[in-house]
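There are structures below to look over.
Two complexes, one shared chain (chain A), two partners (chain B, chain C).
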Partner chain A sequence: MREQRRKDAVWMFLTYAFILTMVVVMLIPLYWMIVAATLPQQEFIEFPPRLIPGTAFLDNFAALQERMNYVLTIWNSVFIAVVYTVLSLLLCSMAGFAFAKYEFRFKEPLFYSILATLVLPIQLLVIPLFLMMSQVGWTDTFRAIILPWLANPIGIFLMRQNMRSIPDALLESARMDGASELQIFYRIALPAMRSSLAALAIILFLFQWDLFLYPLVILEDPGNYTIPVALAGLEGTQRIYYDQIMVATTLAIIPMAILFLVLQKQFVSGILAGSLKE
Partner chain B sequence: MARIEIDNLTKVYDSGDESIVAVEDLDLEVEDGEFLVLVGPSGCGKSTTLRCIAGLEDVTEGSLRFGERDVTALRGSERDVAMVFQNYALYPHMTVRENIGFGLKLSTKLTAAEISERVESVASMLGITDLLEDKPKELSGGQQQRVALGRAIVREPAVFLMDEPLSNLDAKLRAEMRTELQELQQDLDVTTVYVTHDQTEAMAMGDRVAVMNDGVLQQVGPPEGIYRQPVNEFVANFIGSPSINMLTAEIDGDSLTGPAGFSYRLSDTTSVKGHSRVRVGVRPEDITITDDGPNSATVSVVEPMGNENFCYMELGDHELTARIDPDLRPRAGETVRFTFDEEALYLFDADSGAALKTKSDAVAPGIETEVSS
Partner chain C sequence: MSQETESTGNPIANPDPSVLDRLRFARQDVAAKLPPLRGQRIAYLLVSPFFVLFGLFLAFPVVYTLYLSFFEWQSVGQGNLFWIDFGPFHVTVPRIAELQFVGLSNYTRLLGDGLFWQSMFNTTYILLIQVPIMIGLALALAVALNASFVRFKGLFRTAIALPISANIVAYSTVFLLLFNEQFGFVNYLLSQVGVSPIAWLTSEFWARKTIIAAVTWRWIGYNMIILLAGLQNVPQQLYEAAEIDGAGRWEKFRYVTLPQLRPVLLFVVVLSTIGTFKLFAEPYVITGGGPTNATITIVQYIYRQAFVHWNLGYASALTVIFVALVSVISIAQIRIGGDD
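Take a look at the complex of A and B:
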C-alpha cells in the first residue's frame, strides 16, 4: 500500500516536472520577444543576452510608428479579422445546418467536394484569386482579402458535425410552434451551438490574422497592410531593426490572446462537443 | 375542438431505389373531444400516422380533415395542433417560462403581458409555477414532461398529438402521469391522438384504441371491445398482458386436437364449419386449474404478484400462462389439470388469422378460479 503510494507520488512528480519543462521551453521565445521589445537595439545583440526587461519599449514603438503607421496596421488586421469572422461564422453555420438537417439533391457529393477543397494549398490559389480580383478591380481592397475565404471548409465541416447532435424533435417542435426555417436556425439551432461557434470563431480569426501570402499579393498601399505583411516589410534590405520587429510582434499577439482568453472555456468544450454523451 | 377525418392515408418513403410503405390506406375518424390511442409494435406506422396528422410529414396519398377544414396541404403550424414529443424536445437554452410561451410569441399577436398571464395559468394548472425561471436541464424527467405538456396546452389547440410521451419516465411516475393526462384531457376536452407501443397504456387511457401492424390499421374500438372481440390473431396477441395463449389444433368432428395430447370438445361447431385446422386462443385469466380438467400441463414457473399468481406451464413445446388465485401455488415440475369455458375461447383461421369466434359477452371479465382440494 505505502509502496504503491510512493510510486504514484514519484510518477506524479515526474509528470509535472515534464509538463513544467515543456511550458518553460514554449514560453522562452515568447518571454524573449517581450524582453527584446523593451531593449534598445544595441543591447539586444549583447551576449550573454539580458533577461530583465528594459525601459525602451515606448522609444522603440515611437521609432516603429515613425517608419510606418503601425497603429493603422493593427486596426486593419483587427477590422479584417473581425468582419471576416462574423460573416464566415454566419455562412459556415448556415451551411452546416443545411448539410446536417435538410435533405436535398446532391447533398453528399456537394459536401464532400467542399471538404475536398481542403487539400488545395493557399499558394496554389493565390495567383488565380489575384487574377479574379484584378479583373473585378478589387485589388488593394479589404473585401478582396475577406471574400474568397468566407465559405471555410473546416468551418462548414465543424458546424455540420455539431449541428447533427441537435435532436430533430427540437426543430420539429419549433416548426409546430410556428417558427419559420430562419427562426428555427437562429432561435433554436444557433443558441444550442454556442460553444462550437466560439471554437470556430477562434479558428477563423486566427486563420485570417495569420494570412500572409495572399494579402501580400493583393494589398499595395502600405496604409492597407495587415500585420503579417507589415512585419515582413520591417526586415528591410540593409539593416534589420530587431527592436522594432519585436515591438510590432508583441503588439500583434495581444488581440489574439485576448480573444482566446475570453473564449477559452467555450473553445475547449466546443472542440470536444459531440465526443461525449451528455 | 375538432373532429379528425383521415381518408385513405398512405405514406411511402422513397430511399433511393427501394420504397418503404409506412402507412397503407388508412381510414380513421377521431370524434371531437375523443382520446384515441394508436398502438402497435415498433415500425407499425403509428408514429408516421401521427406525424402526418401533425404536418411534419407530407402524405403520399389520401386526405386529412380537421372538422370542415382540409388540412392535407397545410404546414404543421397552420393546422392548430400541438404535439408532445417522446423526448420532450424542450429548448435547452430557454427557461421554462420561455419554453411554454415560445409558440404563443411566434404564432399569435398576444402582447407579452397576455402571454405571461397564459403561461402562468397553465403552469399553475400543472403545478410547475415555481419552476418557471429554471432551465430544462435543472428539471427532473417528470417536471420536464409537465413543461412539454404545458407548451402544448398553452396554445389551446384544436388537436393534441402525443408521441409516446410517458415512455421516458419510470414505472411509478408513468402510472401517475397516465391518470393526470387523462384527467387533463377530460377537463380540456380537446381531441387527442396518443401514440404508444405499450398496450397497457393504450387500454388504460383510450376512449378508443386503434391497433396497427405493418402500416395497416387492424382494428379500432373501445379497449374492452378490442380485448374481447379482436378481429384477428395479431390483435388478440398484441392486446392483453400476459398475452393470450395460442396453439394450432385440428378439427375432428366436434373436438379440437392440439399438440401434446391437447383436446377440447366444442358444444357449438358453427364457427369452425368448413375448417380443418384452426388457431386456438385462451386468455390467461380464463384458464382454470382444477383436478377434473380435461387437459394437463407441466408447471415450469409460478410468479406470485400478490393479488394473483402467474402460472407458466408447458404443453409439449407450447408455453401456457394462467392467471390464478394467489392461494393456488402449484410447484414447478408438477403436472396440473386445467380447463376453460367454451364461451371464453377464441378461434382464428389458421391461414389468414381472421377471427372465427371470440370471447362472448357472457364471460365476466376478471379471474375465475377454483381452488383444488
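Take a look at the complex of A and C:
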C-alpha cells in the first residue's frame, strides 16, 4: 500500500515535470522573440544574450517602418484573410446547404468530385494558377490571391455535414409560413450553423493567413506583400537587422496569439472539425 | 353566396381542425415525394457560384498540370484559343501558355535528376524522424493532460497549443535566430551546460535537426488537441474493467488507450506525414535548402524549377510525381493502420 502510494507520487511528479518542461519549451521561442524585438540590435547580438525584455520596441518598429511599410503589409494580410473568410463562408454554406437539403441532378458526382480534391495538396495548383493569372494580367493583385481558394473543399464538406442536422420539419414549417427558399437559407439555416460557421471561419482565416508559396509567386510589388512574403524578403537583405525582423514577427504572431487565447474554443472546434474530414 | 356558404358551415371555407391537419400532412407528403421539382432551381442557384470557382481554379488546374507535364513552357500565351459570339457580347478564351510538346522527356529527365532525388531523400529523412517524435510527444502530452490528478489542464493545454496561431514564415524566422550559431538562444543554453556551440544551420547533419525541431514545435499542440479529444472518447468503464483485472498504468495504456485511440492516432499520423511531405516555408526561410542542398525539400525543389529556372513543364512533371507519392503514402498508411 505504502509502496503503491510512493509510486503514485513519483509518477505524479514525473507527469508534472514533463508537462512543465514542454510548456517552457513551447513558450521559450515566443518569449525570446519578444526580448529580441524590444532590445537594440547591438545589445541583442552580444553574448551571453540578454534575457530580460528592453524598451526599444517602438524605436525598432520605427526603423522597420522606415525601411518598408510594414503597417501596410499587416493591413494587406488582414484585408485578404478577412475578405477571403467572409466570401468563402458564404459560398461554402450556400453550396453545403444545397447538398444537405435539396435533391438535384448530378448531386452525387459533384459531391464526389469535391471529396476527391480534399486529399490534393494545394501546391499542385500553384503552377497552373500562376500561368492563368499571368495570362489575364492578374498577377500582383489581391483577387488573384483570394479567388482561387474560395471554393474550399473542406468548407463545403463541413457545411454539408453540419447542415444535415437541421431538422427538415423546421424548414418545411417555414415554407408553410410562406418563406422563400433563400429566406429559409439565411433566416433559418445560417443562424442554426453559428458555431460551425465560427469553427470554419477559423480554418479559412488561418489557411489564408499562412498561405506562403502562392502569394510568393503571385505578388511582385512590395506594397502588395502579405506578412509571410514580406518576412521572407526581410531575411534576404544583405545586412540583417535582427531587431527589426523580430519586431515584424512579433507583430505577426502576438495579435494572433491573443486571438487564440480569446477564441480558444472556436480554434479547438475548428481543428477538430477540420480533422473530421476523413 | 359566400355569406350563405359560410353560415351553413361549408367544410372548405370553415374546416374543422382535424381536416386541416390531414390536409397539411397530405401537403407534406407531396413535398416529401417531390423535392427534386421544388428544390432543383434553388439548389443550382446555391451551388453554382461554388462550382464555377471550383471548376476554374481547382478542377481545371489539376488536369492542366498533368497536361503541362508533357510540354515545355515557352512563354505567356499569345492570342486566343477560341471565342464564341453571343451577338451582343462574345466570350474569348485566351491561350494560357505557349507550349512545346516534349512527350515523356520531363519524366525521363527526373529519373536522372540528382537534385530531385536529393530532395526526396531529405524530405523522407526529415519525415521519418520528425513525425514519430512529434506524435510521440503529442500523445504523451495528451495522456498526461488527460490524467485525473493533473490540475490547471486548461492553462497547460493553452500554452502548448499556442504555436498553432503562429504564422508559418514568422515562426520560421524566429527559429532562424533561435538557432543562430553566434548569439542564438539554443547555443547559449547549451553553453550553460558546457556544450560547445553547434553549427545548427551550416552543418548538414544539424540543419536537418533544426528543421525537425521547428516543425515539431509548430504542430505538437495541434496534434495534441486531436489526440486529447480522442482520449476523452475512450469509455471510462474500460479503464475500470482493466483495473479490476489488475492492470497497471502501462497495461491500461497498452491494452485500453492505444487500441481505442487507434483510428485517431492513424489519422494524426497520416495528416502529419502529408504535412511534412509538403514542407516548404521552414527550409525556405531557415536554411534556404542548404547547406549544400541538405535540407531542400520536394516542394522547394519544384518551386525552384518552376519559378527560379522557369522550367514550368518539368516542374509540373515533378508535381505529378509528388502528388502521386502523397496519395500512395496516405492510402498505404490507412491500409496498414486499418487492418487488425
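Some points to look at:
Throughout what follows, the second predicted complex is superposed on the first by the 230 of 278 C-alpha atoms of A that agree within 3 Å, B and C clash if a C-alpha of one lies under 4 Å from a C-alpha of the other, contacts with A are read in each partner's own complex, and residues count from 1 in each chain.
Keep this in mind: a contact is a pair of C-beta atoms (placed from the backbone, for glycine too) under 8 Å apart; a residue touches a chain by one contact, two chains touch by 3 or more.
Since this is a predicted model, take the numbers as computed values, not measurements.
Using the contact criterion defined above for the overlaid structures, shared-chain residue A:V86 touches neither chain B nor chain C, since it reaches no partner.
Set against each other, chain B and chain C differ in how many residues of chain A they touch, and the higher count belongs to C.
Judged by the touch definition given at the top, the superposed model places A:V10 against neither chain B nor chain C. Of the two partner chains, chain C is the only one touched by A:W209; chain B is not.
Of the two partner chains, neither chain B nor chain C is touched by A:V71. In the overlay built on the shared chain, the residue A:P148 is in contact with chain C alone; chain B does not reach it. Contacts of A:V262 after superposition: neither chain B nor chain C is touched.
Of the two partner chains, chain C is the only one touched by A:A95; chain B is not. With both structures placed on the common chain, the touch criterion links A:M176 to chain B and to chain C.
Once chain A of one complex is fitted onto chain A of the other, the partner contacts of A:A62 are absent, as it touches neither chain B nor chain C. Chain A residues in contact with chain B (one complex) as well as with chain C (other complex) are 172, 175-176. The touching residues of chain A, counted against chain C in their complex, run 11-12, 15-16, 18-19, 22-23, 25-30, 32-33, 36, 44-49, 91-92, 94-95, 97-99, 101-105, 107, 110, 113-114, 117, 119-121, 123-132, 134-136, 147-151, 153, 156, 172, 175-176, 181-182, 185, 206, 209-210, 212-213, 217, 227-229, 231-232, 234-235, 242, 245-246, 248-249, 252-253, 256-257, 259-261, 264, 267-268, 271-272, 275, 278.
The part of chain C that touches chain A in the complex is made up of residues 24, 27-28, 31, 35-36, 39-40, 42-44, 46-47, 49-51, 53-54, 57-62, 64-65, 68, 73, 76-77, 94-97, 137, 140-141, 144-145, 147, 149-150, 156, 158-171, 173-178, 182-183, 185, 188, 191, 217, 220-222, 225-226, 229, 249, 267-268, 270-271, 274, 277-278, 280-281, 284-285, 299, 302-303, 306-307, 312, 315-316, 319, 322-323, 326-327, 330. Touching chain A in their complex are the following residues of chain B: 54-56, 75-77, 81-83, 85-87, 89, 91-93, 102-103, 106-107, 151, 155.
Those residues of chain A lying in contact with chain B across their complex are 167, 169-170, 172-179, 183, 188, 191-192, 194.
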